[in-house]
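Handing you this structure, nothing more for now.
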Amino acid sequence: MSALLLLPTVDPAEPLLDAASPLWLTLLKSVAVFGITMTLVPLLVLAERRVSAWMQYRVGPNRVGIGGSLQPMADLVKMLFKEELKPDGVPAFLFTAAPAIAAITALSMMAVVPFGGTLEIAGRSIPLVVADVDIGVLAVLALSSIGVYGITLGGWASNSKYSLLGGLRSSAQMISYELTLGIALLSVLVAASGPEFGSFKLSELIARQAESGIWNCFKLPLGFVLFTIAAFAETNRLPFDLPEAEPELVGGYHTEYSSMRFGLFFLGEYAAMVAGSAVIVCLFLGGWHFPYLTKEVAVGWGGALTQVAVFLAKVLAFLFFFIHVRWTLPRLRYDQLMNFGWKWMLPLSLLNLLFAGIGAALGWF
Amino acid sequence: MLSETTAFLLFSAIALVGAVNVVTRRNPVHAALWLVGAFLGVAGLFLTLGAGLLGAIQVMVYAGAIMVLFLFVILLLNLDTTPFEGLSIARGASLLATAATVALIAFPFARARELRAAAVPDEPELPATAGNIASILFHQYALPFEVVSLLLLIAMVGAIHLARRPRRDEPT
Amino acid sequence: MVPQAWYLLLSALLFGLGIAGFVARRNTLVMFMSVELMLNAANVVFLAAARDHVPARGSACALFVIAVAAAEVAVGLALVLALFRLRKSVQADEVRELRA
Amino acid sequence: MNLVAGLLLILPLAMAALLGLFGKRLHGKTPGLLAFGMAATCFGLAVAAFLHLRGLPEEARFVEASFWRWLDLGSGDQRLALDVGVWLDPLSVTWALFVTGVGSLIFLYSISYMEHEEGAWRYFSYLCLFLFSMLILVLGENLVLTFLGWEGVGLCSYLLIGFDYGKEVAARAGRKAFVVNRIGDVGFLIGMFWTWKLYGTLGHGEMKPIMAAVTAVPPLLALGYFVGACGKSAQLPLFVWLPDAMAGPTPVSALIHAATMVTAGIYLVLRLSPLFVAAEWALDVVAWTGAATALFAGLIALRQRDIKRVLAYSTVSQLGYMFLACGLGAFGAAAFHVITHAFFKALLFLGAGAVIHALHGEQDLWKMGGLKHHLPKTARAMTAGAFALAGIFPFAGFFSKDEILGVAFAQGYAGDPSRYVLWGMGVLTAALTAFYTARMMTLCFGGTSRVDPHLHPHEAPAPMAIALQVLMVASIVGGAALGFEALHWMPLHHWIDPVLAAPPHPTHLPPALNWGLMALAMMIAVLAWRIGAKWYGGDFAPARQAELTAPRFAKLLQGRFFVDELYALLIVRPLRFVAELCLEFDRRVVDGLFRGAGSFSALLSTTVRLAQNGVVHAYAFWMVVGAVLLLTLALA
Amino acid sequence: MNDLLLAGVILGPLAAALLLALWPKLAPEPARLLTLLITVATFVASLPLLATDAAGGMTRELDVPWIAALGIRFHLGVDGISAPLVVLTTLLMPLVVLASYGHVHDRVRQYCVLLLAMEAGMVGVFAALDLVLFYVFFEMSLIPLYLLVGVYGGARRTYAALKFVLFTVAGSLLLLLGILYVMHATGSADFAALRRATLSVREQAWLFAAFAAAFCVKVPLVPFHTWLPDAHVEAPTGGSVILAGVTLKMGTYGLLRFCLPLFPAASIEHAPLLLALAVVGILYGALLAWAQSDLKKIIAYSSVSHLGFVVLGLFSLQSSAATGATLQMINHGLSTGALFLLIGMIYERAHTRQLADFGGLARTMPRFAVCLVFATLSSIGLPGLNGFVGEFLILIGTWRDHPLAASLASLGVLLGAIYMLGLVKGLLFGPVGHPKTATWRDLTLREMATLAPLFALMIAIGFAPQPLLSRIEPAVERMLERPRLALEASLAPTAMPSVDEGAPPHDRAPGERR
């Protein structure tokens, strides 16, 4: 029997994570990323209410702080101190776990997004990304598919027909569009890698775009459009926000939720928006690269800051686009939504993939 | 700190606990969720084994798609919790059988593998990167690949046909 | 380098639990889940074995297993759905008509 | 000469075929006349052959003519070459002579006898076929042809006995005759096989030198032939068919069951006499069987009511005498008795036929009597035949029978006491013969008439009368003409003995003793005749008296020793029981076995079906168990 | 040197069968007439086959590769043994068709198709010289007969047909196994090659058992005979005639053609057993026949008895006995064929087969009476007719080596007389049995025409068997060549010089026989 219980031999040469980024540096970076996203989300909420008001020729929240700037803080306080309502006959653990899953998956997507190039300080080059995992893009996809659980369980756990139907509908929608998302992403990968397969890493993609100078959105315009629409669907944003649409399903899956649990769902949704736009920026809009401003090589503080600034500018622009779309396009009925997803988006994305494939083979990119 | 052994122990613990609960939970939804846990544990194991792509696919396909399907079915049918069947003789016998299977599989494998572990790998080191997997998939296993694709098509058609709600004019 | 034997032992345990679930449980859905467990155990073995030889090939095989599992679940659940529609329950032992 | 022989065979066959196919269209007497014409020509041919052979020197006195090669198989010593051909030699010509001679007379007789029968053409066609068979039996070149004739005559007797379809009795008697003959034939067959095995040939010509040279012959071989002879010539174990054969028309009885067919057995024994001599104790068996049959049949004849049955049993008895003669080695005497017997027995049968014809089918002696006034000529003829049968001096029977007794006594005198017993049995049978012949004659012709009143018997028509007259003359003259041993006038012996085997132990009686014996025999015959006539002449008082003294013996005789019932009990019924048993065994066991196999598989399938009980878990469980077993197997 | 006559005789009827099968609109009567013409044409075509090779070799050979991969050849050929049997088959066929006018009135076209297919199958069996081809024809001839009995038969026809098939197929499966093994062991399925191939004694024992099993069921030898009476009772007249006339001969032909020459050592070893079975068959069959009350069953059991004689002849390993046995196969075909035709005729009139119901037919149906008596005499082996020649040769040959068996067998001749004459007496003589006897018409011209050829042949073979025997004997001797050598070797192992098994069988120059 002794032969059986072989003790595992520790092999120092092959640590799990590469030595270049010691644990504390990763923690630091993750705190930084978390901090940026957490600040962006309430601003986003405020921005959305202000922009939508501006678009509808009304004022929007301007009471709290100067011109409503502290409105997010007010919302936050509301969320925290409102009474936690829990309908009876509800599986307690799942009821609370569902919004948490939604929020966690959305936030953890950011870990993979590269904010900038590599920062060269004190002899240590620090890639400005939390975890540049070599299956980077796939992680995004994986997390988005886990996100579905949050909504589904949320719908089921609140023990009411509306929320159940809402939950199921939204998850069905997210799964359908996830397909298009994946294929569009694939086309980008194919285009980026050329005849020989490159890698899944976002930083690699950005480098490729910087190298050729042309952003992917120009190389694969159809891919860019499809990816954005799919992103909208993934985050249940307006044209596709039927599940929690007030008139039909009374708030969809988060009808029964109140205060902080609702807050988490809310956070999840907006964090997903931020992450979605960040990924789009990296894939199609050249990430932190700007034709003349940024340089690929490792840069000092100045260069890094410009890279991060460029990246954030692009993300904010895209977020504005998100909000803009919400208050312009009418809501899609559920069957239209599903039809559009399966009978239009999917074939087009396959076409795009074909185009990307041919292009990569012939070396257009 | 986060060396491979600890990762292995952590993930296998998750997987095992998940698996046990899947089998023992009376409420199918809980069972499903524990299964998701088990899948994530196994995905982790894949990572420790260096197969990153598999880990992602495992999460995407198993946890993301298959389990959602399960949840759909469970939720749509809103099954109530099944009363836990007592440990009848059949149950006992079956457990005994499983124990036997486990012992049989584990024991020789462990021994056999160790003996052959030393054997020189017959092919050049092929790390499980997406590129290598893809090349194997499309060169050596081209036929199985096509067959599986056909299988998936058939499964789709079959599933649709079976689960289709019969239209009014059709007999149920 | 965790020795392969441990992976195999783990997969054996998973497989055993899968069988236990499959054989012992009445509910068809749980039986399906246990089958998934078994398939996962198989995947683990694939990769564990491949790690010391040709890692890529292990993954390729695991991929096939996953594909097949997906197909199987699709059809299986469709059947369960049809069964439920017919019998209003998914207890395996209530469906005994298919008998010689 | 071949032509003569060929014709002898072809003519009867052709006539039989002719009558068989076109007989229906010929009416009245024509079929009979045609048949008689053919028979007469055959007789002429036989005489021609006889004369031709007399012309030849003694040792070359044979003619062999083979027409076509019937069978030729094997090579070297296992060669089996048989031709269809003729073998004429004194023995076969003698037989041919009296067969065709008596035969043509009976054909003549049958013309008028069968005049009113509607199937007459069929009758004559069978008779011609019979004549062909008898001739080929006698003239056949090898034993197989003899066997062909042997079965042919059996067949014809079957057809002729069963001639009158309607009568169930006739049908059964025919079948009985054929079957019993067939038992004999089996013996004949086995004999033939054995001969071929030992001597490699069956042809008479080829066997002659071999038989002459051979010293030790397995007795069973000879007995095989003897069984065949017993079957055909109705000896003790196999005689039961002859009395029943009387169910056939009377001329048939006369021709087949008195003159010709029954003598075939003797012919066979004579033809193979050297074999019998060489087979140590075979001849003794023949002798004793002959004597026993003679005595046995004689006893039964005493109390028979039917005139034809009396004659039938007397035939069996006389045949017994012939076999006794063969057994004693006096083959010539046997032949002599055969010929004389043919004459007077044919005469008696035809006479009886005339009587029955006159009484419109009445055969019971107790319903006859006083017929000598109505049928004077028939009565005279039958009396001559009766005297010949009884062995009274001038008549034929006396000489041949006496010769046989003489040989018996001589051998006893020469030192073998058992021969004396045989002689004693012979003498006793002679006495019995005389007695029952007298009884028959007086019951039939003498005494008061017990005939049915509105029957007025009339004399037999011309053809029948002629036949009777010729035979009467033959019965009277025949004996002395062919051989008066005491006077050393033995033309028949000189003619036939060279062909036959020399008697094993030749004896010679001093003339005085010879004459003494003849006188004794004569005296016994006359005495027995007078007693018989007296007993049955008047009011049967003495007969009834005798019955009272030995009632059980009388009933035994009356019931014919219950031989038929005995056979039925010992052979027929057990055989049928075995057959039934086999049938039951066959249906139940053999068939059951196979049907059982069928039901067993059905049983098997029901048990296996139980495993499919529809419970998914059971299937799962058994799958696992199977996997476990496989694994242990693989790993062990 | 391929000769197409044999192929013609086989494929002719087969093609005709197909033609008829695919011609639904053909009315019954023309179909029957067409079949009659075809069968007669086939008979005429098969006559030249009788000119067999004096040395006993194969004539009219057709050797064409059939399944080249397995080395199986479409190899046909006829010698002294199979030529007469083929001609017997082609002779019986037109008679069966002629007889069908009496009792087959519905589905006539299918009846003809079955007959033609069966004829092709049976001729194929006798002409095949390749083991696999033989097996194919062996099975092919089985199916139409099954349908014939199963569709056109009497009350329990399905039971009888199924039983018949199960028995035969069970046997022939063993045969197939045997053939496969032989092909595996010797590498070829061709008869000529196999006759020279040497197999170990143990192999031969097993193979002999397998081959003999299939053929004994077909013969049928006693333990396997229970299917025969059922099949006959339920079969239509035509079916019975063919079943008795030819199908049974396939068993004995198989024994002679395959068991004896291919497995000589095993043949001698098993000879006593088979002789015993044969003798039992003769006596047991005769006894059963006597205890029967159904006409057809009597004849069926008589067939068991007669074929017992044939097997006796074959396994006495005597050339004259084996020749007699082959002749007896043909005689039995003629006499039993005639008897079944006659019973069919009486059945068409009386619609009952119980012997007890009949009686006194001779008066009202004289022609029927004459024919029945004639056929009976031939069947019980009256000298002068064909039956006797066969039985005589068998018994005289067997007597040389097995006197006891031969004498017991000759008892069979006696029993034969008993039950057959019982049959004849029951039918023809005695008081009138069946009330409607008077109404029955005597044999019509057609019925007489059916019987005439059979009776003619009976007389011809009875009086002059030599032309036929001279053809059969050399072929039979060639078959018995190896078993006899093995027998002599086993009897006197030391004296005999080492026998070169492989030497081609030396032909006995015809001259040498004189």
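As written, the chains take the letters A, B, C, D and E, and residue 1 is the first residue of each chain.
Here is the rule we go by: a residue touches a chain if its C-beta (ideal position, glycine included) is under 8 Å from a C-beta of that chain, and two chains touch if they have at least 3 such contacts.
On a predicted model such as this, the values are computed, not experimentally measured, just so you know.
**Q** Going by the stated contact rule, which chains contact chain C and chain E alike?
**A** Intersection of chain C and chain E contact lists gives D.
**Q** For this structure, I'd like the pair of chains sharing the most C-beta contacts.
**A** B-C
**Q** Name the chain with the Cα centroid closest to the overall protein Cα centroid.
**A** E
**Q** When the centre of a chain is set as the mean of its C-alpha atoms, what distance in Å lies between chain D and chain E?
**A** 38
**Q** List the centre-to-centre spacing of chain A and chain B in whole Å, with centres computed as mean CA coordinates.
**A** Spacing between the chain centres: roughly 28 Å.
**Q** Need the CA-centroid distance for the pair chain A / chain D, whole Å please.
**A** Going by mean C-alpha positions, chain A sits 127 Å from chain D.
**Q** In whole angstrom, how far does the Cα centroid of chain B sit from the Cα centroid of chain E?
**A** About 69 Å separates the centre of chain B from that of chain E.
**Q** Could you say which residues in chain C touch two or more other chains, in rising order?
**A** Residues 1-3, 5-6, 19, 23, 26 of chain C each touch two or more of the other chains.
**Q** Among all residues of chain B, which ones touch two or more of the remaining chains?
**A** Within chain B, residues 4-5, 8, 48, 53, 57, 65, 76, 94, 97-98, 101, 105, 110, 114, 129 contact more than one other chain.
**Q** Send over the residues of chain A in touch with two or more other chains.
**A** Those would be 4, 6, 8, 10-11, 14.
**Q** Note which residues of chain A are touching chain B in the complex, please.
**A** Residues in contact with chain B: 3-4, 6, 8, 10-11, 14-17, 23, 91, 94, 133-135, 138-139, 141-142, 145-146, 148-149, 152-153, 156, 164, 167-168, 171-172, 175, 178, 197, 199-200.
**Q** For the complex, give me every residue of chain B touching chain D.
**A** 90, 93-94, 97-98, 100-101, 104-105, 108
**Q** Chain C touches which residues of chain D in the complex?
**A** Chain D residues touching chain C: 609-617, 620-621, 624.
**Q** In the complex of these two chains, what residues of chain E are touching chain D?
**A** Residues in contact with chain D: 163, 166-167, 223, 225-226, 284, 287-288, 290-292, 318-320, 323, 360, 362-363, 373, 377, 382-384, 388-389, 392-393, 395-396, 399-400, 403, 406-407, 410-411, 413-414, 417-418, 421-422, 425, 428-431, 463-466, 469-470, 473, 508, 512-513.
**Q** Taking the complex as given, what residues does chain D use to touch chain E?
**A** That would be residues 68-75, 78-80, 84, 144, 147-148, 150-152, 155, 158-159, 162, 165-166, 168, 170-172, 174-175, 178-179, 182-183, 185-186, 189-190, 192-194, 196-197, 575-576, 578-580, 582-583, 586-587, 590-591, 594, 598 of chain D.
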